[in-house]
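Quick heads-up: structures coming right below.
You will see two complexes here that share chain A, one where it goes with chain B and one where it goes with chain C.
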Partner chain A sequence: MTDGTYGVKDLYVTFGRNRALEDVTLAIPARQITAVVGGDGAGKSTLMRTLAGRYAPSAGLVAAPDARRIGYQSAASGSWADLTVGENVAFVGASYGLSGERLARRAEELLGRAGLGDVRDRLAGDLSGGMRAKLGFCLAMLHEPDLLILDEPTTGVDPVSRVEVWRLISEAAADGASVVLATTYMDEAERAASLLVLENGRTLLSGSPEDVVASLPGAIVETTAARRPEFSWRRGSAHREWWPAGAPEGEATIRPDLEDVVIVASLRELQTHRGVR
Partner chain B sequence: MILKEFRELRRDRRTMGMLIALPILLLVVFGYAANFTVDTIETAALGPQADQVAAQAPTLFDVTEVDVDGDRDTAETMLRDNVVDVAIVTGEQPPLALVDGSALFTAQTAVSVLNRLGDQVQVQVLFNPMLETSWVMVPAIIGLILAFIGTVVTSIGLVKERQSGTLEQLAVMPIKPSAIILGKIAPYFLLASIDMILVTVLGMLLFDVPFNGNPIAFGAGAALFLFVVLGLGVFISTISKTTGQAIQTALFFMLPQILLSGMIFPLEAMPWGVRWISYLLPLTYFTMISQGVMLRGATIESLWPAFLVLAVMAVAVFSGAVLRFRRDLAPSRRRHRASPSRGRAGSGEAS
Partner chain C sequence: MSGPLLRADHLTRRFGSFVAVDDVSFAVAAGEVVGLLGANGAGKTTVLRMLLGLLEPTDGLADLLGGPPDRSARARLGYVPQSLGLYGELTAWENAEFSAQAYGGAAVPLTGPLADQADHLVSDIGLGLQRQLAFHVALQHRPDVLVLDEPTSGVEPLARARLWDIVRAQADHGVGILVTTHYMQEARQCDRLLLMSRGRLVASGSEADIVAGTRVVEIIASSWTAVFAALSSASLPVSLAGRTVRVVDADPHRIEAILDKAGISAELRSVSPTIEERMTALAREAAPSS
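After this line comes the complex of A and B, so read on.
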């Protein structure tokens, strides 16, 4: 990790006998959005929390700034439901040493950008899911952190609010922050500069979305009935199949997207464990 | 549906515990402890005929102190210091029986038996002359309110923070764990203190309950007790994931205190098989202090055993619970220190 790049290297995190992360390496450069993708229990939140200093690494290296320079939004909204929007901002601001004119200016700028300027007196618990997600983001960004860690900031948020949250995240990266976010949405991961796909605490894929998609060996074909059940999956009304040595003769291949590539990698991992090739 | 309910119940250990432990507790309490009849009254015989009184006193009166040089002042001091519940002062005819009215049921029994002796003894009730139930209940209820705020309300407040995910948010913010714990507990300490003053003043105004002792002694006892119950609240929050679980667990701590602390049923009337539980409960000792200070004007010196037990409980329960809570807040800081630079290296196992 050099030149303002944060991240983890050869990271292991264990809880008792349970290994939550195993040999994970991730670089989080400044001015970029880095996505950590995976299903439930993949280790995304553990990685986010380890970066935030909540968990200690069992082995490996974590490169992160001091707690004062980290912004963290937990998978729960990250705001206090029984406080108003303004009170949430005041509390978090004070915790990071912001006060007076500086806090007021920063709050106005952030809440204005997030469209929360008119609901300062509303309880956070009374906000819609999208508004709470944006408030959580504003609180994490309030002190202009060097490293912004967002744990599934758009999960459960409606599509319109997701677009707004992503606009805020992009602006944060453009302003110079190193942004890392965990997500289960592939369309979000495709928007990141680089990504890490986790499964069962291990790295499944990593790199830029384009490199990850290009790294897929073999070909994918679309069929109406699955012939290779262990490497078939449903996309919409059709089946897709992965053929490692190329498509069967005469069959047209389709151009895979990130979701296809992640599914193939995941199926390969599963079959490797089962001894199928 | 029935099978599903049983399966869920089997895995909900707290509810199962409540289903099994609560009936047993209620059976034991109401079977053994729910007894207002006092069989033995600790008594002192004082003055020139103290030996004769000790020999001739009805069997109910267990004469544990005999002092032929003692007088009324000695008797009052013994009652104030809770050495005995009845003191019979001889030297004049008829002898004077002084009864401690702050031990309500004991006093009622003693007065009833002594009155049957007619002119042979003159009876005077001290500290609660009209044997008012409210005078005895108000000091105990102050303790109950402190226990409720400290145990139930505090645990709910802490669990709510954990349940909503904001405790995790606090844990990664640049706030020291000790500051987080202090910030979470101090408001409850303050609110409980305000409630205590309010209830004490209201009790005095509405029920004419006297405050004969030193408010500082009362405050010191309340502060120690508050640390114990706040510690219990913090501890409950560390073993509960939801507010429902916290309330359920807090009930386990509250019910025995209400039933066995001597607040409702006199400790003297409980068999030792149950009474020992009372001596494990903090409310028992706070009730001793609050009734002693408010009604009898007892001093810290005379109440030192109750103060000592509460102090030991406060240190053990509060510090144990806070350490447990702190461990939840800062698991990484427990085992690894972040280096002053930006790197954090791991070499052991996280937990």
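After this line comes the complex of A and C, so read on.
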């Protein structure tokens, strides 16, 4: 892969007898945000760590730049609680071979943008959740990496800080980085240029948000009572229902969102597995 | 009962000179799912604590089931905190039994996917199932009122859908439900929304009502990075959605002027904000001008 497009192809990652990732392919182009979506245990962190070189693939290809050109923010905020903001920057900077004038300038710029310029002497452990998330992001960005890997950078972060973190991530992409981030939030995934939905270590859906939504087979109708409970879910007081061969005669279909489309894909996956058993 | 199940009437709480909750009034009726939204520090938790009888109001009234939120009223309430309130070192079934005994009743058998987990330690089961168990535990004593704090954050859409099936079924049976959240997917499941900012109730109604008062300018151009760089260096609060640049609460004429100067031709559209963008705009309005 060239021109800043990184990613994985036909990737398998196995721990003992546990297959954490199975046949996963994902392209991470430059100048855009790519989202990896899934619930607890879907395989998001394994994919992020494999891209970051923390895990070796059991099979398949990983295309990533040299370790020094990778920025990685782990799910656990990615900073040292017992160090001050300034000490965190100096410590991480040194590990990338940054020091003196160059480190000072980069830290000034990043911390300023993140609104952390005035808290350099505060212990990272004393920062609010939102500030800590922003510090973790700054540390991952310190050496201007080509590939930025962010594992749930906004989980548990308050909404106002979430908007700010997303702005910082957008800036990194605008500056030319290839950005991949893991998230459990569908509204965030909808704002990425492309996304990969993982379930039990496998690809459930992938593509641009628009293409993924358009790929829904059949139709979704909104009713007041569920007729096919297994294929129904609630949206407010209404029931939504998936009809694989199109809406019943005379019934209007609704325009689904990403949440609906992922629900249907999970339901189909469930059916397939029952069928196999 | 005929009146509201939960009611805040000019509810106010001060901590010293700080007003955490400022003259907030709302009600939750039987069968209704009401979403209480707000950024951190907006006052949601303080409102909740007064409604649950854990904190005295400085002024106004917190009303649970037609009276003060005392022990007997609280016995008819189910609460699922964000932390879920389960015991990781106990099995799923032991958690159900322990909670049932606290309410002086018998534990209700675990059903569906939870039944397979009855003998497993809670710390060993996945987050989606833990959330289902927390719901089961909160519903065992058949409460009239349910209070849920970000009930489905962190779970995948199908698991979230199945949890909301449970919540909506409770509402269909006349339970009144208050949900505190700041996530769009949860807000969209509610019948009615309330938005708090800096201790005050600033909007109520549908999602459209909640975000009214803030607009977003969307900018579509052949090179989003050029648009982003130009607006960012003009210190505008820019963000990205796909390949579209978004600016919250900005003057479109100013944006056009900046883009003109940078030699970028673009299409501008005025669109509705997300709930988060609305909260950000409110936080900015409230902050001292700098």
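Some points to look at:
Note that in this section the second predicted complex is superposed on the first by the 274 of 277 C-alpha atoms of A that agree within 3 Å, B and C clash if a C-alpha of one lies under 4 Å from a C-alpha of the other, contacts with A are read in each partner's own complex, and residues count from 1 in each chain.
As a convention for this text, a residue touches a chain if its C-beta (ideal position, glycine included) is under 8 Å from a C-beta of that chain, and two chains touch if they have at least 3 such contacts.
Here the structure is a predicted model, which is why all the values come from computation and not from measurement.
Applying the stated contact rule after C-alpha superposition, one finds that A:Tyr55 touches chain B and leaves chain C untouched. When the two complexes are overlaid on their common chain A, residue A:Ala104 makes contact with neither chain B nor chain C. Within the superposed three-chain model, A:Val262 lies in touch with chain C and out of touch with chain B [touch as defined at top].
Applying the stated contact rule after C-alpha superposition, one finds that A:Ala247 touches neither chain B nor chain C. Chain A has more of its residues touched by C than by the other of chain B and chain C.
Once the two complexes are laid over each other on the shared chain, residue contacts for A:Ala192 go to chain C alone; chain B is not touched.
Shared-chain residue A:Ala90: touches no atom of chain B or chain C.
When both complexes are aligned on chain A by C-alpha atoms, no chain A residue touches chain B in the first and chain C in the second.
Contact residues on chain C toward chain A in their complex (touch as defined above): 33, 39-41, 126-128, 153-162, 164-165, 168, 171, 182-185, 188-191, 224-225, 228-229, 232, 237-243, 248, 274-277, 279-280, 283. Partner chain B is touched in their complex by these residues of chain A: 6, 11-16, 49, 52-68, 70, 72, 74-81, 92, 95-96.
By the touch rule above, chain B contacts chain A in their complex via residues 164-166, 168-169, 171-175, 331-333, 335-336, 338, 342-351.
By the touch rule above, chain A contacts chain C in their complex via residues 31-33, 38-42, 128-130, 155, 158-160, 162-164, 166-167, 169-171, 173-174, 176, 184-187, 190-193, 199, 208-210, 233-237, 259, 262-263, 266-267, 270.
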